[in-house]
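Note that the chains take the letters A, B, C, D, E, F, G and H in the order they are written out, and that residue 1 is the start of every chain.
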Amino acid sequence: MQNRVLVGIVMGSDSDLETMQETMKILEKFGIGYEVKIMSAHRSPQIVEEYALSAEERGLEVIIAAAGGAAHLPGMIAAWSKLPVIGVPIQTQLGGLDSLLSIVQMPSGVPVATVSVGKGGAKNSAVLAVEILGIKYPELKKKLKLYKEEMAKDVEEKNKKLKAIKSPKI
Amino acid sequence: MQNRVLVGIVMGSDSDLETMQETMKILEKFGIGYEVKIMSAHRSPQIVEEYALSAEERGLEVIIAAAGGAAHLPGMIAAWSKLPVIGVPIQTQLGGLDSLLSIVQMPSGVPVATVSVGKGGAKNSAVLAVEILGIKYPELKKKLKLYKEEMAKDVEEKNKKLKAIKSPKI
Amino acid sequence: MQNRVLVGIVMGSDSDLETMQETMKILEKFGIGYEVKIMSAHRSPQIVEEYALSAEERGLEVIIAAAGGAAHLPGMIAAWSKLPVIGVPIQTQLGGLDSLLSIVQMPSGVPVATVSVGKGGAKNSAVLAVEILGIKYPELKKKLKLYKEEMAKDVEEKNKKLKAIKSPKI
Amino acid sequence: MQNRVLVGIVMGSDSDLETMQETMKILEKFGIGYEVKIMSAHRSPQIVEEYALSAEERGLEVIIAAAGGAAHLPGMIAAWSKLPVIGVPIQTQLGGLDSLLSIVQMPSGVPVATVSVGKGGAKNSAVLAVEILGIKYPELKKKLKLYKEEMAKDVEEKNKKLKAIKSPKI
Amino acid sequence: MQNRVLVGIVMGSDSDLETMQETMKILEKFGIGYEVKIMSAHRSPQIVEEYALSAEERGLEVIIAAAGGAAHLPGMIAAWSKLPVIGVPIQTQLGGLDSLLSIVQMPSGVPVATVSVGKGGAKNSAVLAVEILGIKYPELKKKLKLYKEEMAKDVEEKNKKLKAIKSPKI
Amino acid sequence: MQNRVLVGIVMGSDSDLETMQETMKILEKFGIGYEVKIMSAHRSPQIVEEYALSAEERGLEVIIAAAGGAAHLPGMIAAWSKLPVIGVPIQTQLGGLDSLLSIVQMPSGVPVATVSVGKGGAKNSAVLAVEILGIKYPELKKKLKLYKEEMAKDVEEKNKKLKAIKSPKI
Amino acid sequence: MQNRVLVGIVMGSDSDLETMQETMKILEKFGIGYEVKIMSAHRSPQIVEEYALSAEERGLEVIIAAAGGAAHLPGMIAAWSKLPVIGVPIQTQLGGLDSLLSIVQMPSGVPVATVSVGKGGAKNSAVLAVEILGIKYPELKKKLKLYKEEMAKDVEEKNKKLKAIKSPKI
Amino acid sequence: MQNRVLVGIVMGSDSDLETMQETMKILEKFGIGYEVKIMSAHRSPQIVEEYALSAEERGLEVIIAAAGGAAHLPGMIAAWSKLPVIGVPIQTQLGGLDSLLSIVQMPSGVPVATVSVGKGGAKNSAVLAVEILGIKYPELKKKLKLYKEEMAKDVEEKNKKLKAIKSPKI
């Protein structure tokens, strides 16, 4: 796993970059190599096709695709590739319901592993990628265990602060 | 216009055929040649690409694409082609709202001319195609005029029947 | 096509003007003559009727109509005219879902070619108009080809910048 | 009020007739003269305009308009007339949410008095018409009082039956 | 009609006041006397009951009720009164869809004349009240005619300004 | 607790009876006395008021109210009473979303304890009533414990049957 | 009831704290002891389980749980406990509809008493808790009576201010 | 991979079994060992916890969880386990939007790989599991390639039948 790019992150527009930096942070935390590309299912379908068709032989094992509105990028990557594709719905003026439905409601035979709308989903796309890679790379399992413990601790920390800030009268 | 296939009708699944026969009936009424194909943006993306890229040189002038759920077919046809693409959202278990949003919420630069959900939309996709072709083929303008008059007459006929069936007491 | 007004842009309110300037920019880019009018299906129905009934003989070939809420303007233009009508749903306090459904869910026989909600839809209404006019005016086909290539290049440019700004560790 | 047609009932399609018979039943119950017409804002806009413009001088005092989907009929009647217009959203494949939003979300200055979706709304459109006419015709106020008492009694009757059918163990 | 309070305006909370000032402005424009009260279907149901039961004998002819969320005020006024009740859905964190459905989806026999969400709806509630009162007070009909002409002129004015600001190249 | 009516079940219409029999079955299972009434917030508001105002002194401790559409019954019971009120949204042509929002989105100070839409919600309204009564009547706590164990066992039973019906190949 | 913690307030994240302070204010007003904890159904499920399983024996009688998005905290508390659980849906980028449906649509046998979205719901969760506790602690009934009278007075106060600020012309 | 149970399929109710048989069929087609269990996040949370905590050591590599309504099962499995969890939203009386949002809108750090609503989603959950397992087991990659080719061929077959059934006039 060391020194290899295992995860491809693609997004439909450079305006999605801020959201998708949440994905990158998590992958870096887990020491997973990734690459980032902007490509559009609608404006550069040829690039999407080439990217998806070559992804596997270039060593990618998971693709994370973010898009908004009539979000076709995750679905088209899934159409052209046999790798697991994780879809991140970007928030829109309709709240992101359009992005979510356009990504999740895929036809039989061509799934996209959809996560939640926006930055939380971007973060979760990375965690899901780690879980998927974890079935092949045992070192990730250990890190996931630590990550989960850290999350639980983090909640507990907040709980303690809470007691300091706001304590009930009784 | 005579003896030429001007409109390509594509749909994601053979279950969409019943809906799309409404499109064919209208095109036949206007004497417009069409072809019908089943192809899937997700299951046969290569066919979609080839179809869309060759559509113009094969003489097509408008493409009507129907799909349901994460309905990518109209959008992908639009991505690969410079022809006007009309999208018909197929009804689904979510009422068709998923299909509608996946077709209409296209990104800047790659429009799909979206019509209503289901059979009414299928019919309207054909009328819209006639209107579009009408700016090039004057004979269609005349037929459209007659069609519109016929619709108005049809409403008037129903009105008359209504008077017969149900007449107010005064 | 030179020196002629081919596209009529109408909108229900002057508050829609900012959105619809996206339409004008694209039409100017393609050298297509247009006219802009404010008219309301509800507040000035007579004007809408006269405009729609005279549009064809005044040389218009496509009408783009924008409206929000119970958005009747595109539908009423379509009712009175035989030209292809493109509808742009304006964003509202309900996100624009009301505008979208009021424009797209037209009855059989009277279609409106609906595009996405807001500024993206405004831009796309112009691109769709160009595609429609392109079946009659071959010079537009060439420009569309260049436009599509430009879009693809633009995506590629953003991609390159991305590499400079944010490069993965591996 | 006697022997005069005070309420105009219009609907976009003969398929709306079953729903709108609920309206007629209530008006008959209150002895209010009505007329029924099928006309389409999109398919016969000229008829709609003429109907709305002449409604007042023909003695109508309230217009009830039913439509489904991109339901423009109530709004267009309201645009052409100064009479109060009651809109009945017809149920559709999207549940009727499209009809409801297309009728209720009217722009400033041109209201439609919207009632609930489907048969219940059809019935209520008549009751609302009675309430409106009641401010001019005092005899309707008395009938309304009786109607309301009857409704309350009807609920009480059901309550009694309930006791017979299903009595709690204690 | 002179010097009499014909319209009761009630609202569930003082936070609705800003919205409902649109209603007052229109009623003042038409010279219609009104009264304004804050009362809550849930927090002061007794006041609502008393208000609704006494409204008619105090000379009110139309009641306009505004509320948000599980908006029961218009419906409860309608339950206790025989006057026509106009409901204004106040905007909420769910966009106002909750207010709209809670007001419009009334059961058979007890209608609320629902207008659009927010300030536009507030304005329209007044116009609807004028139209309703117009069937009894002929002087309002004349004012309505002028108001409608003024609206149409206003649209035309905006149209002229538009020509000055933004003129197409051709 | 023995031989006393502790729970009042009210519903807006006799068509809700089938749904609410789920509530009765559960209360009977727990040996809790209940009474059932049909009353309408809109058609018999006086009955609702009297019922809610007298509920406490008549010994009721929890009220379960079911309604559909612009479902005001639970909210009005809550307005007139100080008892905990549980609201059951009845399914409608809009799926029950209107009932749900009309019941749950109550203003500050007047809560309705809302459960899920339809029969499942009816059942849960009874379980919630048991949990609420359980803080006063210890014998219900024991029954709840058994009920929860029974539910878990029931799931386990289904699991066993599953193994019999459908066993994986490995 | 004196000097005892009767209500447990739990929330999924410290970002929910601002919302839930509305709950605390009301409980303090009624003199009800409470405790506040942050715990996550997803990030610290063990803590949730332990908390819910021990709640009853630690003397809690009602649990209020707030969460947003795929809001599992109220449901999981209800799964592990026999106490009545009140769920507060936190507002999200989808308006809070996701939180609401995730909390209210519980399966048969495991209810969550759901209140409205956001701060109003937080406040109402406390009032509902008071009503529930009121069936056991008679002193709360008296306070509830005063609280309800205070609310009604508060509405009346606003009404009076309204008369001062804005008085109709007649 | 041979002779091992790699995929755990869990569902909240035996009524989900019909839907989830689509999952089993696909896994069998790919020769992947699976186990099926009914367990409820709400009715048997202890079983869910034990299942999720032991899944990894028992050799499972992917868990597919189906649930409807306030669908907590996938999320709770994800909370207790470090394996990738695929969530299948079951159709409900709200169309399945409640199930979808309850599964997909997970908080940061605890993703569920969500697929489409109903049977199509059940099928896709299996294909996604195959894609995920494919990064570890190369033989699955080959089968996936064949499966994708088969899907494309299947579309082509339908296309051919179409030509036979319905051929355009030209």
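A few remarks follow.
Criterion: a contact is a pair of C-beta atoms (placed from the backbone, for glycine too) under 8 Å apart; a residue touches a chain by one contact, two chains touch by 3 or more.
Because the structure is predicted, anything quoted here is derived from the model rather than measured.
Common neighbours of subunit A and subunit E, by the contact definition above: C, G.
Interface repeat of B-C: among E-G, B-H or F-G, the matching pair is F-G, sharing over half of the residue-numbered contact pairs. Set side by side, A-G and C-D show the greater C-beta contact count at C-D.
Taking each chain's centre as the mean of its CA atoms, F is the chain most distant from subunit C. Centre-to-centre separation between subunit B and subunit F, using Cα means, comes to 48 Å.
Distance from the subunit B centre to the subunit D centre is 34 Å, each centre being the mean of its Cα atoms. Across the assembly, subunit H contributes residues 13, 40, 43, 69-70, 94-95, 97, 104-107, 109-110, 112, 116-117, 120, 148, 151 that each touch 2 or more other chains. Here the touching chains pair up as A-B, A-C, A-G, A-H, B-C, B-D, B-H, C-D, C-E, D-E, D-F, E-F, E-G, F-G, F-H, G-H. Within the complex, the subunit E residues that touch subunit F are 12-13, 40-43, 45, 49, 69-70, 72, 75-76, 78-80, 92, 94, 97-98, 101-107, 109-110, 112. Considering their complex, residues 91, 95-97, 116-118, 120, 148, 151-152, 154-156, 158-159, 161-162, 166, 168-170 of subunit F touch subunit H. On subunit G, the positions that touch subunit A within their shared complex are 3-5, 13-14, 17, 21, 24, 28, 33-40, 43-44, 46-47, 69-70, 93-95.
On subunit F, the positions that touch subunit G within their shared complex are 56, 61-62, 82-86, 100, 104-117, 120, 123-125, 127-128, 131-136, 141, 144-145, 147-148, 151.
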